[in-house]
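Pasting the structures here.
One chain, chain A, appears in both complexes that follow, with chain B as partner in the first and chain C in the second.
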Partner chain A sequence: MLLQRLLFLLTLAAAATAQMRDCPGISGDGYKVMLDNLSVFGPGGQTTTLLRDRLRQKVQFDLSAIQLETTPQMVLVPCRDRAPQDVTDFNPVIVDSLNDHRVLVEVWGQIEAHAGLSVQRAQLNFTVVPVNFYDRPVVPPGGFSTAYQRRIGGNPDELVKIFGDFSDLKAYVSIAAGVKSLKEHDYDQAFQCFCRADALLAQPPTGMEPAVRASLVKYVNQEVNNAFTQAHNDQPVRSSLGLDGTRPVCPGAL
Partner chain B sequence: MKYACVLAALAAAAPLRAGMPNADCSHPFVFRDARVNVIVLPYRNKDAASPDLERAGSQLTLLLQQTILFSALKFPSIGTVRMVAQNPSQVADCQTSLVAPKILGQAPGAAQQLSPDGAAILLWGQIYKEGDQIYLCSYARLVKRGTDVAMESSGGGHGIFSARLPADGMTFPARTITTGLLEEVGRIFRKSATAHRERSLTSPGFDLPMDPRNPFAYQVVEATTDGWMHVRSAEGGMSGWIYANETLRSQTLARTLPELRFVDGAIGYLEFAKGANPAGILAHARPSLESFAEVGNPSTSLATATAKSMLAVMFQRDASLRSRGYQLAREAVALVPYSADARNLELVYRLDMSSRDLYQPGKWRPVADEFAQAAALGPGKKYILDNLDSFYAGVLGAPGLAGETEAAAIRTRREQLALLRAH
Partner chain C sequence: MGADDEPEFDDSAEAEPPEPGGGESGEKAEAKGPKDFWDKLQALSPFVTGVVLAAIGYFLTGSVNKTVQKSQLQFNYVKEMQELLAKLGDSKTTLEEAKTTAVALAAFGSYSIPPLLNEIQSGELNRPAAGEYGLRAAALADPANACPALTRVLENRTAAYNWLTDRAAIRILGSAGCPKAQPVLAGYRVRLSAAASSPDGFTAFQATLADEPTVTKETVDQLKSEVGKSMKLLEQAGLQQ
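After this line comes the complex of A and B, so read on.
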């Protein structure tokens, strides 16, 4: 009995190690977005594989769009052996390390497998590293996430809609790149990133909770102000911010 | 050696309407004499490769290349090239980030580069298959070897103001291709991949070479309204009729993939600046861009904003269309308010439309502030700072500036600007 329990604990420990295994790809230069494996809870099967493939594809579509349309440039780092289980996996030491490696966002997720495609629960989670590191109170208690239950198990028309849906990930990446640029004294780039995030957050909501969205809009506007103040005080750095003598705000439609 | 023969044979041919179904990604080929090249790169899945998926992607890209070519025959000078990997180990060479620098002459390895003022549209995609259902998402990138300026204006006679498009890379909405269309694609592929000796599907012919080790460049010598293209190989030895059947001519594929309309309009936009008959080119490009922009999609607003901006730029040359063009430039800003280039284009357009009025006392400040805002949104875009400086120069030079205090404030702003421009 004791031996059995010991074996069980050892198995759990090994699994936990595998789940938060280091991802060697993050040691390269530049900003990065990490894409982890998706965890499956419950008995896996064909349906689970299908859901996982769909979620992964959704993220791939979004990431390709981000890489093509977004500055600053970033690289996608696939981390197949890494599968966080919970937000508590991102302890301060891990977040510190990710931040040092200029990781903007780590994407991970879970599928709760049940019988039948329509009752599956699936969720994508986004660890917005610079926000976690510098502005922890902005992160909601359960972290940033998007739930896909029911929708991801839908028919082809619904699925293509999800593939083309507004991407929360685009907003998270823009916010993270803004915070990171600000900390690296690139105020103009920070302003650009925050304003893009501001525009993305104004789009019709999909997976993001309204309260989270509202809190992020407020945060983004605070950071725009911070960018201006810091650019103004940081004399050696040349910045276009405040060229007109006024405190900038993110512009809307004309 | 093969490519050398192809080039020598094509050099004598003009006007150029040409295609190649099997260029090698590792050594990209473009038609140097074509004003615009469209390069169709593979549609692949990053996570999963399967023979089914590879075949569907391969068939689709040939149809895209032929559809784009057939549709673009109305333009004076067009080359369309489908690129494939010579073998599976070289698939990575088909990435846009590797192909573009080669054809632009920024990296070695191209079998042929764009001409010094040549332009290209690169089209590629991701494909995902579930059963018989195919989902795909296309991406496009516009590259120019010469200047990247979309519009220049004297801004009412006060300098040179320049503007660019909101984006050179864009994503199109994810699509699903139904089982029926998928089967049709395969059926059309079998017909389209043959060059018939006579203008008849029952006429014998030869299969278009698909192996990149045997590059096959052809020129379209004639196209008929019933969907046939008479092609002749660049080396002169082979000729035949390719059937772009009624499905292609009626634009079924373009209805399923509106990005084909974008590509068609973008070809016109890129030819517009260089063409001898800009009004004729505009007449051909306009319906494609307008129908693409009408559909709209919040997740692909950058592509829609770019299509509207292309129309705006072309309309600027025609006095009767200019105010519609300005409206389109404003609509582009509404779609991507964070885009420095969309805002800069609107401002340059506004100056162009309003002539000298905006340089007057009491009116110049909001315009200057908006240029400054656009500059802040576009770090590194020096031409926006240059526009702001030209604007200040225009204000200082315009008659009736109210008092020395205002002039001194402008001079101070220009001094700050000079530091940034020199940076």
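After this line comes the complex of A and C, so read on.
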């Protein structure tokens, strides 16, 4: 019993020290999406490790797909040694540092797996860096996250299937790219990103809470207005936005 | 053999009579007279030379000893700092650990300034934040050495530093209340205004900083805001004095 407790404490200590480690490969140029290691809770075992690997592959695959269709281009940075435990790990110093390195979103999460039980849970969390840095009140108290739960029959691929096409991740990345472009005075790009985010939020993303979605829709509209106003007032920057003094409408919007 | 055959001897020397009153008896007479300044100096010169040589020796030895001790100290510091720097450079070190290590580095005073500046330049996530934290501690403890080093960072235009280092220098100059930093910050603000007002000004400003991380217009806005904050802090410090 004592040995078990000791092992548990040691595991906790190891998890605590694994929290916010550095991420090699972050120093390159361009926008970045960071993919952290996914923490595993519970006794785990071979199935959990397999599940974690599959999940990581799936996230990596979907982020690669986002890169193909999103402007501006971004780099996927895998951070194997970095495993945040809680939203409080993202204190202002860390968010400041991420923003300095043009990180748009940091994806991290946990898998809860119990051997012998048929229900497996996974949670993906998204730290939308520019929103955290500039508009902290928009971030829900527990951060942006998506929880997945599935009764599985010993096949880890079943959980991976329900992650769908990660439309919520696409929405977060688009919002982050919009805010970052706006702060970098690239108003045309900001407008495009916000319009894309608006379109993605219009088709309810799989794992996003309705209240969070509503709040983000409001935020995106407000930022579109900001992009228009700033483009109009920023004389040294040439932007097609607001040239004629009218607020532009997102392509495809009614 | 006749008289002519006799060899001729030059005996003139023998014929000279001895000098009256000359020789030893004359020297004795001179010694007995009053000694002038030069005589005294001549008499004292070996002693004075000895004292001067001893003094030069003493000061030289002291100076050499000091230099040797300083080099030894520097060498010891480098050895001791090496461990801390290795810990900071380890990718497994968390931000909190890195900050603690940086503060330990700051305890080495002025010796810690170059490595801490280097940490900010590292291009990673935790090390720049930790480096700035340590540098602030060093500046608060030893402003006499840290303030000139930080103003030199802002004056540099050879792209030796990245914008994170400049930002750290701006922040610390303000928080440490470096008294001579105000004109340097004012000059930096002029450069930032030029960068914000035209694409050419921006390109010129970009060229004065290292490439990584990229300097964007967001960077210029951030630096302007930090300069404003630090100027305000320095004004407050001036009023307090």
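A few points about this structure:
Following the convention adopted for this analysis, the second predicted complex is superposed on the first by the 211 of 254 C-alpha atoms of A that agree within 3 Å, B and C clash if a C-alpha of one lies under 4 Å from a C-alpha of the other, contacts with A are read in each partner's own complex, and residues count from 1 in each chain.
Assume a residue touches a chain if its C-beta (ideal position, glycine included) is under 8 Å from a C-beta of that chain, and two chains touch if they have at least 3 such contacts.
All values derive from a computational prediction rather than experimental measurement.
In the superposition on chain A, A:Pro137 makes contact with neither chain B nor chain C. In the superposition on chain A, contact of A:Glu184 is made with chain C only, not with chain B.
When the two complexes are overlaid on their common chain A, residue A:Pro24 makes contact with chain C while staying clear of chain B.
Within the superposed three-chain model, A:Leu68 lies in touch with chain B and out of touch with chain C [touch as defined at top]. One of chain B and chain C touches more residues of chain A, and that partner is B. When the shared chain is aligned, no partner comes close enough to touch A:Pro210: not chain B, not chain C.
In the superposition on chain A, A:Ser240 contacts chain B only, with no contact to chain C. The interface of chain A with chain B does not overlap its interface with chain C at any residue. By the touch criterion stated above, chain A contacts chain C in their complex at residues 17, 19-24, 26-29, 81, 93-94, 96-98, 100-102, 180, 183-185, 236-237.
Chain C contributes residues 91-97, 123-129, 164, 196-199, 211-214, 216-218, 221 to its touches with chain A in the complex.
Looking at the complex, you find that chain B touches chain A at residues 45-48, 126, 128, 130, 133, 135, 137, 139, 141, 167, 169-171, 173-176, 297-300, 302, 330, 333-334, 336-338, 340, 343, 346, 368-370, 372-373, 375-380, 385, 388, 413, 416-417, 419-420, 423. Chain A contributes residues 50, 53-54, 56-57, 60-61, 64-65, 68-69, 156-157, 159-160, 163-167, 186, 188-189, 191-192, 195-196, 198-199, 203-204, 238-241, 243-246, 248, 250-254 to its touches with chain B in the complex.
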